[in-house]
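Data block below; observations after.
As written, the chains take the letters A, B and C, and residue 1 is the first residue of each chain.
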């Protein structure tokens, strides 16, 4: 029985996640892999919004941070059990995204970009200023993640948790893309008026994918907070929002695996470039520019086109 | 107190206006948001400081710095934007983000990572106006900004090259059919935009200092100002810049100084809610 | 037969000799993660330069107990997440013996759990008091705490009969932490905070906030808790707006760059700082004079830049570590940690350090000087 392309991709991803640790000489590699996984989860969700629905968000670090801080505050300051805290945090972010999304998604293009950028900045300013609750710019400790008495701790355990979450995230995204809603999104991307003529409620569709992408970011945020044991506002800055968008575009928009690859490359690259010492920024910028000039559609679609033809 | 807030708001607003004009120029020519715009501001300030420290008199340093920044703008267009001219707008934006990182990295190597000040053009004795104080440099900022806006209006309205730029921004294909070289238009736009940014950076450095990464915040605020005023409209850029500067100063003075940036952004969002194309933005019609 | 046993003994001896020689050459690995770029580069850049320069000097003089120091450092750009990843890399991948770093408090605190779990000595270069209170077994620090800065300032204010002050601080971790500490301890010194203004990171104009402060008739002095370019702008705006009350800065501006950036506006500004800023003006019998002068000359000669106390913190951390390694006789993490804790009367750039199991910083207010800007230079306040 031949597997459909998307199932093949999912199986490949699961295989990579399962076998990668064999190549890890020490715990640091696990840590980097976990960071890649966390970024990838956010990017898969963001890609639904940017790549498929054709919208833009320069404020997704805000959702990531809201999820992370909500879970951190509920567990560390109020003693809630971690799973409940996470669920409430994610639900809260979904609500915020729904409330904020309705007026914001009326905007288009650069205006939408600015509005989401502003939203992200407002969130980060609130987090930094309300330091009695959030610990301010120096951050706060986060209680470890325990379910029914068992605590998830250490890079090995977290690697499997994040790996499983990533596979689940990709699977969900693929199902969404292949569903009627996914097709509606792609129609929306191509031409919003045309889609409306075809009977698609574009506002509702956009809002739905906005909320879904916010949920992805919030889940990743909660996991990241409990994994690190410490959280600071550096992950809520607009720099990080722009990093996330860069990962999605770099890997290839409208490609779920592109989002994963983009997250992987742009998370690992700074680690690999430390060898350049003070030239690191220059090299990083140059690599980004060169890759996008040579492969404007992003890594995965360009490579798939080149190698897919010969297959 | 109101007078003080207004004056400081106008000063910084004039800088935002100049940066926003730079964004608008490039956006009109190529529909790209140039995330490296802030770096042009930085090059202007840092190059002037470095050249002055090397012994050049200030006017010469300023002139050379503006030329250098324009060269950087031209290089950006020639080597990064032009090769990718068929890419989507989002990809082009990512290229400019990469350029911004590259330029900052180069700046930290060519110059250094310290903060630098520049001598004010005509001294720093505060002038008393209506119970508030104003630095002479602020007058330079506002004055030069006004002159530049007037010059740009003349350029776009009266000169052939300016009208060619405008035509290209309205409809690139039609402009090409009329014999306008889009490539030249793009080059001029980027060079001019870089020069604008550099002038802004030089004007404001005596008040706010300059450093290798000063462009990040100013670029962000300039972008916000351009959107607030209506992306693509020169008058909008000026109005947006001044409005943003005053909003910030008022917010800090009357509401909460810790939340002043948040207040400004909330107000921008409110404006966009009622005017989705910004204060003076063109109502765009979507071709189906 | 005698020959073969002789040969056997000789070759065994040769083997043992080369083996111990090889062991003795194994370098001592010191790791660092510093905010060389980014919003805290004011801190990390001089720290990096200081560590590089002095490790070179130590190696040129033969190393520590015959072993060279291998220095591995990463740029965390002031980001706590990156700091964590690099600390993990130093511990797991580079397998260092000791870590110096954490330019900012956020970066330091993010790394503390990892360091405690990996059981590796860590000397932090950040300011907040939470780093060593409560005391953590493997974590030490060299800079004065922000609480001490507040106390030193309040002591000086009290001697000038100042009772009501305005606070103005930025959005950074250092700023907020110091503001919090000052609000906490003000009452103990009879000081009341009657105004509390703030500015954002990268803000370029604070006249609005200062105008509000000027309008408050109760204010007798202004305390600016901040570092980077914010305080310089505050200082310039202070003069522009026409405020005439005393202005106090924090040790976050302890570098000549602050005076240069503020132009003439910094005249009369007071702040608590380490002795090295006034090294030449110290009396001949001051215990810190030699160390401070030597550091100043070496750093300025090599880098053609003004010194800052942040580089001094790195110097202190390095030499406290090196002395501890010497006393421990090895780079064994547990032994070195114990020796660091036993540091006694170490004369550094920050003061005279004596640590105890309850005090992992070892400084008190004695050597925290009150400086005043006079004629564009640092001077000891009278």
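Note that in this section a contact is a pair of C-beta atoms (placed from the backbone, for glycine too) under 8 Å apart; a residue touches a chain by one contact, two chains touch by 3 or more.
All values reported here derive from a predicted model rather than from experimental measurement.
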Greatest separation from subunit B - chain, by CA centre: C
Pair of chains whose C-beta contact count is the highest in the structure: A-B
Whole-Å gap between the CA centroids of subunit A and subunit B: 31
Mean-CA-position distance for subunit C and subunit A (Å): 36
Subunit C, residues touching no fewer than two other chains: 36-37, 171, 198, 200
Two or more partner chains touched - positions in subunit B: 108, 258, 261
Sites on subunit A at which at least two other chains make contact: 125, 129, 278, 280-281
Residue ranges of subunit A touching subunit C (in the complex, touch as defined): 26-28, 31-32, 35, 125, 128-129, 131, 136-139, 141, 228-230, 232, 234-235, 270-271, 274, 278, 280-281
Contacting residues of subunit C [partner subunit A, same complex]: 36-37, 74-75, 78-82, 84-85, 88-89, 91-93, 104-106, 109-110, 113, 128, 130, 171-173, 175-177, 180, 198, 200
For the subunit A and subunit B complex, residues of the former touching the latter: 50, 56, 103-104, 106-108, 110-111, 113-115, 117-119, 121-122, 125-126, 129, 191-194, 238, 242, 245-246, 249-250, 253, 278-289, 292-293, 296-298
List of subunit C residues in touch with subunit B within their complex: 36-38, 41-42, 45, 171, 197-202, 204-205, 207-209, 211-212, 215, 228-229, 232-233, 236, 239-242, 257, 260-261, 263, 305
List of subunit B residues in touch with subunit A within their complex: 27, 33, 35, 80, 83-84, 86-88, 90-91, 94-95, 97-106, 108-109, 220, 223-224, 227, 231, 258-259, 261-262, 265-266, 268-269, 272-273, 276-278, 281, 286, 288
